[in-house]
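Shared between the two complexes below is chain A, which has chain B as its partner in the first and chain C in the second.
Coming up: the complex of A and B.
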């Protein structure tokens, strides 16, 4: 899993490059998101458009990011969910707590509207 | 560090992990409960020494039994520690929370801070079965929905009800549903180590394949159904060792 970060208009875009977000790389992703909030960021997009498979550890990493956002009075949103990740978010009802956008552009744009 | 010391450290660690494995397996029911009117089979295969899968049975009275299956995210030592904490809290509170939905709601509150600190989540399916009425009442906290096979049907259906994975939202509530089972019906509870197992071409075993497997072995007793499903899974994966923890509980109505 490669984790790319960029910034646009004060919003941090984290792009996960890799087919699987699972027990093997979820700690790395958790740590990266945590570091970003601890360094003072308030607005974060995690783009999952390259991720074809996510397991419960991967979901746990996203929940950890979501909780980090709350504790730092920030906002974390997701974008680009493929079919299997989408079904996992549906199954666990995490679609109720996450804001999920079609693609990274829409997710980044949502911060401008707020 | 001298080589002897390194070897000793590795051996110590292996021994400790083996002890942890033995203790964790001993915390699962050693045998399914013996009841009139329903037969139950159960199995858990950790991916490594220890894992995050859990199932349990609680006999409420002569006629009622609670069945629970759960999965802590991850399948390492950290997940196994939370699995043990989950078991303890569930057991300590089991006779205080009367309904399936209450059991999940109480556990979500009790475990919330621990799950936040450890950055883990927990899925759990909680069912209550009355032998005299054959009513199965259940609630789901984001867990893989169990499969229901109705005697004489051509395929399985799923048991789902609305509820979020545990450890995400304080104050979460859970939907509860009730169905009546009939003679010959069976319910298969399982963890995602089965549905998310990967075949040689990279495809997932998936719920559909599991449905077909349960259907194929529907005539067997519960332990035979589990044997059959695990054999199909091993064949699909190209070996009997699995990448994730695999657990299954099957109940069959007589």
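Coming up: the complex of A and C.
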């Protein structure tokens, strides 16, 4: 899993480049998101458009990021979910927790509106 | 073994890096099932998920990440159903004592068995003499 980070208008964009987000790499992603919030970021987008497969550990990493956002008085949103990973968010009722945008551009734009 | 039965027995080191290999094998097998028709891609994703969750359970929980151990996986597909068995040499657990996740509490862990139960028809965990087995069945249409 390659984790790319960028910044646009004060919003950090984390792009996960890799087919799978699972128990093999979820800790790495979880740590990266935590580091970003601990370094002072308040607004974070995690783009999952390249991720074709997500398991419960991957979902757990996203939940961890969401909790980090809350504890740092920030906001974390997701973008670009493919249909099958999205079905796992549905199954675990996480679609009612996360704000999910069609693509990274829409997710980044949502911070400008608030 | 009947002519339409597929049986696979796989042993891999107790390492999460093999999750994708086994998940891919599950996907490829599902794509071989003519009977499933248009549902094949969904079944492929579900088998990938179930194999990944069950293997993670064996690697991380039952074997405590010990890289010296191995995980044994068996997959059997007949005309009407498929069965995945994942064997471990851990302490074992009571499947019935695992609660439904509390969705209001936003938990990071504890969704693996729930996901397996959602995607398969029957899930059983048996303690045998020198190992345990998580057995997961699904009827094919």
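The rule is short, and it goes like this: the second predicted complex is superposed on the first by the 114 of 114 C-alpha atoms of A that agree within 3 Å, B and C clash if a C-alpha of one lies under 4 Å from a C-alpha of the other, contacts with A are read in each partner's own complex, and residues count from 1 in each chain.
Simple rule for what comes next: a residue touches a chain if its C-beta (ideal position, glycine included) is under 8 Å from a C-beta of that chain, and two chains touch if they have at least 3 such contacts.
Here the structure is a predicted model, which is why all the values come from computation and not from measurement.
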item: Side-by-side fit of chain B and chain C on chain A, or clash; value: clash
item: Which of chain B and chain C A:60 touches, first, second, both or neither; value: both
item: Which superposed partner A:106 touches (first chain B, second chain C, both, neither); value: neither
item: Touching partner for A:8 - first (chain B), second (chain C), both, neither; value: neither
item: Chain B and chain C contact sites that coincide on chain A, given as residue numbers; value: 23, 53, 55-57, 59-61, 63-64, 66-67, 84, 91-93, 97
item: Complex contacts: residues of chain A adjacent to chain C; value: 19-20, 22-24, 53, 55-57, 59-61, 63-64, 66-67, 84, 87-88, 91-93, 97
item: Residue ranges of chain B in contact with chain A within the complex; value: 71, 73-76, 116, 119-121, 123, 142, 144-145, 162-165, 167-169, 192, 196, 204, 244
item: Chain B contact footprint on chain A (complex, rising order); value: 23, 26, 30, 53, 55-57, 59-61, 63-64, 66-67, 84, 91-94, 96-97
item: Residues of chain C defined as touching chain A within the complex; value: 16-17, 19-20, 23, 45, 48-49, 52-53, 56, 59-60, 101, 103, 106-109, 111-112, 114-115, 118
